[in-house]
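You will see two complexes here that share chain A, one where it goes with chain B and one where it goes with chain C.
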Partner chain A sequence: MNRRVKNNLFLAVCWSAAILCTLILSFLLSVIILNGAKTINPDFLLSNSRNFGAEGGIFYQMIGSVLLISGAAFISLPIAIGTALCKSEYVKNPVLQKISNMMIYGLNGIPSVIFGIFGLIFFVNFLNTGISWFVGSIILAIMIIPTIVLSSYQSMSSIPRMYRESAYALGMDKWKVITKVILPQGIQGAITGLFLGLARAVGETAPVMFIATAFSGVKLPGSLFQPVTALPTHILTLAQQATNTQALQNAWGASLVLILVFFIFSLSALFIRITLQPVSQR
Partner chain B sequence: MIKMESHIMQIPKLIENTVIEMNHFHVWYHNSHALKDFHIRFQKEQITCIIGPSGSGKSTMIRSINRINDDVDGFTYQGNILFHGHMHSHTVYQNGFDVNHLRTQIGMVFQKPCVFPRSIYENVLFGIKHTKKLLKQEKQQIVEENLRAVSLWDEVSYRLHEKASTLSIGQQQRLCIARTLAVKPTVILLDEPTSSLDHFPFLPMP
Partner chain C sequence: MSAYISKVGKGYIIISTLISMIIILLILGVLFLSSYDAIHGGGWRLFTLTWNPPNNQFGILPMLYGSLVVTVISLVIAVPLGIFTAIFTSEILHPKYRIYVKSFLELLAGIPSIIYGLIGVAFFSVWVGELFHLQSGRTIFTAAVLLSIMILPTIITLCDDAIHHVPQKYREVAKGLGLYKHEVIITSVLPIAKTDIIGAVLLALGRALGETMAVMLVIGSIDKIPTPIYNLLAPGQTITSKLGREIAESAFSSIHFSAMVFMGMILLIIVLALTFIAQQFLKSGQRLYE
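Showing the complex of A and B:
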């Protein structure tokens, strides 16, 4: 086999891998779009669900999902930025860096159902909060913290050393350097990470189904400690009534909405990555 | 005995004209010994040039004076550096010493210009703004005065609020010098600030 044949063969293998990959995604998307598009109309989006979701729309499910991930965003962002700052500006010891990296990757690798069980045991049972959307937000926040930390840390540690040195050489103290030099340039990574994390969080079923959501019959929560209904758990409920064609049809519609929300978050992350790119990296 | 006395007599005179002195100063980066037993006295209100081949420790030496080396991985030192300020003399490497205040008195310009992602106006004020409270009028005055000092005023006076990164590299370096001058340091350390610029030596400097 000469070099040219080998080269072409390798090229063909790479191409088929790439095509297979994109085909799976396009297949999934087209099935969901084809089935879901029939269901989606203003009425479906803006009305309450009835008869365990088989009739009516998904308005409160959407509100519930938005509440859950907004809570998660507010809780996770400051913690994650703090962690990333600590890693990039204060921790100089390479052993500590390795340990913290291991912890963060470890947290990222924990299966989501474990978070759900943890939330159930610790918050709902031990702290006796009851099933509450706020606890769901806390658990989702814990889940997405690693994504935000890694993304913020990456953008903070890629700020060239000369920016820090120039600021220090002007007599600025560490706090000023962090707030005026590091954060303005590192925030892009944090926001990108946040949106990627939220895109993942919005679709999570397992962590919220035990601790934050009721399967049906719930409208707007009156306090932090009341359940909501959310899109992923709603889809689960509908899919369990697979014999009811109307319920299944609504499940397709809800899936499409969920996928759209996911895409909006992912595209926002991409958009922020491009527009807020720090000057030092252009 | 007489010899000793004459020696003692000389010291106050020397110190009077000295602004920075390094005694038996050593620097290591991890295991590499970058600066060996260095002695020098810098005179007040004088320009002192340090010349040497690359890698001979010129940068290490001047970066030790304002302690900007402190954060470099593996940096260790031995010996001492004295800074004779307006009122007092300080040992620069001393526990609890106010390094940020030292850096307002010993300014530094680096080899490559490094402007912050803000306007030209903001860049001139970047250092002084954070060490002192300024009125709007004072700000305007400081910006004009220091941009004039580096002959940048005429080139940028009509676009002070544009991004500093729109300036050419040479202009950026002059902006960095203006930013350092604005803090009104007693000493300025220049680490080859003209090395990446070709037209820069012709710049009329005060």
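Showing the complex of A and C:
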């Protein structure tokens, strides 16, 4: 076989791999969109689910998901920003930096079902909170902290040293420098990370299914320590009764809503990264 | 006043850092304490073939086998496909379109796994059942195929980064020697990108091992190693699907619960080790040609 044939063969293999991947991935998207679009209408979005989700809509499931991720956002953002500030402004020792990186990458790599078990043991049983949406928010917050920390740290550490030195030269103390210089410049990284994290959190099923959600029949939670219903666990219930066509149809509708929410968060993260560029990088 | 605020601020930063550092240790500690009963009471009997809680038999080998086989097969499918596609997007496709392809892939990489599970239940398990004339299409093979599709976008985008980061001068020199495109890629680009590609594959391996929802819906959930051992068209069980199905049913602080947590801990240790090794590969890859 001469070299020209080999070259063509290699290119052909690459082309066919790419075409196969495109086919598979566009099959996935079109299945969700086509099947989901048949189900979604205002009535489906605004009515309560009946008969274990097989009939009716997904209104309370959407409310539940919104509650879960907004709780997660409020808990994770301050902790993650503090951690990123500490990494970029206080820790100078390379060993400590390395250790903290290991902790953060490790936390990022933990399988989601492990978070669920941890929440079940530590919160639901040990702290005796019972199955509650607030615990679900805490667990989701823990899951997305690494994303926010890494993203904010990246934007904070890319602020030129000159900015900090000029601020110190004006007689500001460290905290003033942080609030007046570092935070305004670094906040876009934090918000980007937050949206990326929320995009991941909204679809997570395994961490919340033991600790935060009841499968059906729950409406609005009356306090912090009551269960909700959420979109991903709702899809799980419906997928388990996949022989029932009506249930399957509702599952496609819920999936399309979930994936749209996911796309909205991901695209806003992209948009914020592009538009809110800090002064130092314009 | 300003000094006071400064102190409060410093306190806030230190406390939040401590919280995010301690969480991972807390998770490890809690899992270890909860699985202590099983380790103490079961010992080596945990590594046997029968899982039967009413008889106090907690052998986790079927689940370990399931996790291993599902992950290995999904990588065997996804890695070659992913690497060839990554070569296409970074070397053959016009650079103008690369940014669109990449954003599309990164979007796909984050699609919630429950949605893959739904697609698996509604299509893949039906197809596998009809194709091989099985009673139920929920088999180890179905789970592996579904998982390979799930990790495909991750592998493509990480490998594409790895190949794209190889400096242009290596390609130019190789081309200048009169090499064909495939020779340029095989002899100079891939060897330089190798460490990053290994890191990418290890990250994908960790993700595949820890994947729960999609696998749980299509694997069939039978706690047995199929007979014969290489029969992939039989239902099986992975660690994650076992945990997802059964942990809510086992009574807290029973030995059953403890054995489940022990499985979770094994999974966590494997995945953490993979994550750290992958980080080493990804970093050393950057140093190679800086």
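Methods note: the second predicted complex is superposed on the first by the 257 of 282 C-alpha atoms of A that agree within 3 Å, B and C clash if a C-alpha of one lies under 4 Å from a C-alpha of the other, contacts with A are read in each partner's own complex, and residues count from 1 in each chain.
Quick note on the criterion: a contact is a pair of C-beta atoms (placed from the backbone, for glycine too) under 8 Å apart; a residue touches a chain by one contact, two chains touch by 3 or more.
It should be emphasised that the depicted structure is a prediction, and the values quoted were computed from it without experimental measurement.
Contact with neither chain B nor chain C is seen for A:Ala37 once the two complexes are overlaid on the shared chain.
Residue contacts after overlaying the shared chain place A:Leu28 against chain C, while chain B stays out of touching range.
Residue contacts after overlaying the shared chain place A:Lys92 against chain B, while chain C stays out of touching range. Counting the residues of chain A touched by each of chain B and chain C gives the higher count for C. Contact with both chain B and chain C is seen for A:Asp173 once the two complexes are overlaid on the shared chain. Of the two partner chains, chain C is the only one that A:Val149 touches; chain B does not reach it. By the document's definition of touching, neither partner reaches A:Leu224: not chain B, not chain C.
Of the two partner chains placed by the overlay, only chain C lies in contact with A:Leu258; chain B stays clear of it.
Common to the chain B and chain C interfaces on chain A are residues 173, 176.
Across the complex, chain C meets chain A through its residues 2-3, 5-6, 9-10, 12-17, 19-21, 23-24, 26-27, 30-31, 34, 80-82, 84-85, 87-89, 91-93, 103, 105-108, 110-119, 121-123, 149, 152-153, 156, 180-183, 185-186, 206, 209-213, 217, 240, 243-244, 247-248, 252-253, 260-261, 264, 267-268, 271-272, 274-276, 279.
The touching residues of chain A, when paired with chain C in their complex, are 3-4, 6-7, 9-11, 13-15, 17-18, 20-21, 24-25, 28-29, 31-32, 78-83, 85-87, 89-90, 100, 102-118, 120-122, 125-126, 142, 145, 149, 173-176, 178-179, 199-200, 202-206, 209-210, 232, 235-236, 238-240, 242, 248, 251-252, 255, 258-259, 262-263, 266, 270. Of all the residues in chain A, the ones that touch chain B in their complex are 92, 160, 162-173, 176, 180-181, 184-185, 278-280. Residues of chain B touching chain A in their complex: 66, 68, 71, 73, 100-104, 107-108, 110, 112, 114, 116-117, 126-128, 130-131, 165, 176, 179-180, 183.
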